[in-house]
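There are structures below to look over.
Shared chain: chain A. Partners: chain B in the first complex, chain C in the second.
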Partner chain A sequence: MPLSVSLSIEGDTTVIELTGELDAKTAPDFHRTIEKAAGHGTHTVEIRMAGVGYMASAGLRSLVFAQQKVANDVTIKVVGAIEPVSRTIRTAGLDRSIVLSDE
Partner chain B sequence: MPSTTVIILDAYPPPPPELLDALQAMDASLVTRTLRELREAPPELLPVADVLLAPAESDGAAVRMAVRRLRRWAGAPIVVVWTVTEFAALEEHVRIGHDYLVPPFLPALVGARLHSCSERAGLGRTLREADARAELMGYEKELEIGREIQAGFLPESMPVPDGWEIDVRFRPARQVAGDFYDVFEISRGRRLAVVVADVCDKGVGAALFMALIRSLLRHTAQNSGLQHLVAAGRAGGSRRIPVVGATPLLNAVTATNSYLTRNHLRQGYFATLFFGVLDPLTGSLVYINGGHNPPLLLPADGSPPVALDVTGPAVGVLPDCVYTLGYAQLDPGDTLFVFTDGVPEARCPDGRFLGDDRMLELLAGPPSNGKVLVDLMDLAVREHTGTAEQHDDVTMLALHRPRAARGPHVDGAGTRVVA
Partner chain C sequence: MTTVTDMVERARTSRVLDVPATVAALGSIASFVLRLAGAAGLDKGATYRLRLAVDELATNVVMHGYRGGDGRITVRGRSGPGGVQIVIEDSAPPFDPVEGRLPPAPGVPPQDRRIGGLGIHLALTSVDEFGYAHRDGRNISTLTVKAEGTDRCPPRP
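For the complex of A and B:
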């Protein structure tokens, strides 16, 4: 299943909205968007994942990659992830550096 | 169907009417492009043609650049320059290998010339395809070599202590894998290290990090703690029982984590892993679960599986993080089932996952031994996947303590290999 990625800026937040599945095939699209988002220089990068039904380990890697791309003082938020996706993030321990929130 | 495709270079002067008539008479398929379009258009919009027809007045070097680009993306046409009066300009083109047409532009003459160009262009395309195939075969061969070398990073044989059984199933989704498992002795042979890990992502990148992470874990575990065979248990502070093998375990995981975060953080590769250290005499297990799917301890009495939950984050993500130790006990008849996400996340052709619930259903009731368990789970994964593509590596390891210790394994104690 393909992934659709959209990028916008809302005030001091760069918003990336993902819909579909985040796996090895689709992660490169997300990587490119992260690189663009990192260039925006906002204080928060919000990744809206409510429409992501499945995230493979390649998707986790994208989140780690995102952390590397943005400046140290930038907060990365993952918003609205469904339970299996947020569990994947929590199991790997990425919730220690990425803010997980329901909305 | 037209036999010859001709790009007419949209330049001054345009082709004389007699030449265009001759092209029509031979039923050539015509497309018109400017030199700029040929040099700048996106590759997917470049025409595949046999002949590029240009006036002698056009710049030879510029035409050649355009043809080079066409060769790379679409197939090189033969350049045919025409002129009615500019014979000197024609010379420059002929010198760099372009073909030419001069009056009279009689249909039979033009047709014969362009047909022969078309054959040459076709031959050029065939050669290009053959080159591409040869290149692809070269890559496949390299990948095969990569697969063989990677196989050398899996244990050639597993030391299986008396009174224990270890069964492994390892099925990579591609030629090279990100999953791995390892079984080796530490603490002067007094403890058995059992590792199952999953490097994030797939393909060659994951395979390179697999080799690195496996080596760091094994090397550190085997070469640390020799002076201090005993480390104080650190789980929750309440356990003060010294645990042999805990030092190499902690050292291996924390050293690998700090190595990766110090040297490779930018690349964003990490591994989730389960690293258990077993005392074969007592069945006590001390472990670190670094962000991995919790292994399941299946009690001999058939009571529900016990999940060995995470005790720290995935390895290679967070610098200076703390890993705590987990403890478990394997009594006679118990089985520890360690697996990677390729098992619960196996997908059938319509995209449904095997799922945790189905896994627990399959694991209900104590397995008679590890091999039965691994076979059962592997069959379930294969049946569920069906005709769908296997999209993730599948690794399972069953550590089983038989009820009646059968003494030294006749089927090759310490050398049993399960492919």
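For the complex of A and C:
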């Protein structure tokens, strides 16, 4: 299943919305969007993942990449991830630096 | 509606899958695994764990095993009421995933972590049983997810 990626700005938040499956094949699309989002310079980057039914470690790599690209004072939020996806993020220990939220 | 032809087709196609070791072939491997999980009646959680484990190990073979060169991956699957067993074979240089796993290191900043090793860690913590052998020049990984397996990484309370 392909991944659809959209990018928008809402106030001081850059919103990336993902729908589909995030794996080794589709992660490069997410990667390119992160690069654009980092250039926006907002204080928050919100990644909406409620529509992501599957995420492999390639998705983790993208989240780490996002952390590297944004300034230190920028908050990265992952919103609405289904349980197995947020479990994968926690297993990697990324929940220490990325805010996981339900809404 | 499932027709007899569908059932025959499924039995014929879901036992062994032999694909080139490419990123493009990972989707075929995922479909193969999902069909077996469906045939075994695995629940959503167990199905997700099985798919993740096979995907991570196969991705590792594609990205690192053959180092971007030509090669093939053979996936064999058996499903029954007790669960699903998948055997992944490749002829890349010997690599034992158990030795290559990399658990997350709490003290290490995310940007310094090797996410590749973490993929294998995810795979090994997702299955109920895992075995590795190197025979006749082939890496052979055997993964089992039980129908009533316990999730070894349960959600935090």
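We take it that the second predicted complex is superposed on the first by the 103 of 103 C-alpha atoms of A that agree within 3 Å, B and C clash if a C-alpha of one lies under 4 Å from a C-alpha of the other, contacts with A are read in each partner's own complex, and residues count from 1 in each chain.
Keep this in mind: a residue touches a chain if its C-beta (ideal position, glycine included) is under 8 Å from a C-beta of that chain, and two chains touch if they have at least 3 such contacts.
Remember, predicted model here, so these are calculated numbers, not experimental data.
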item: Contacts of A:Arg61 with chain B and chain C, given as first, second, both or neither; value: both
item: Chain B versus chain C as contact partner of A:Asp23, first or second or both or neither; value: both
item: Chain B versus chain C as contact partner of A:Glu83, first or second or both or neither; value: second
item: On chain A, positions contacted by chain B and by chain C; value: 23-24, 54, 56-58, 60-61, 64, 68, 91-94, 96-97
item: Of all residues in chain B, those that touch chain A in their complex; value: 178, 198-203, 265-266, 268-270, 272, 290-293, 310, 312-314, 317-318, 321, 341, 345, 351, 353, 391-392
item: Contact set on chain C toward chain A in their complex; value: 23-24, 26-27, 30, 45, 48-49, 51-52, 55-56, 59, 62-63, 104-106, 110-111, 113, 115-116, 118-119, 121-122, 125, 153, 155-156
item: Complex contacts: residues of chain A adjacent to chain B; value: 1, 23-24, 27, 54, 56-58, 60-62, 64-65, 68, 91-94, 96-97
item: Interfacial residue positions of chain A with respect to chain C in the complex; value: 23-25, 54, 56-58, 60-61, 64, 67-68, 83-84, 86-88, 90-94, 96-97
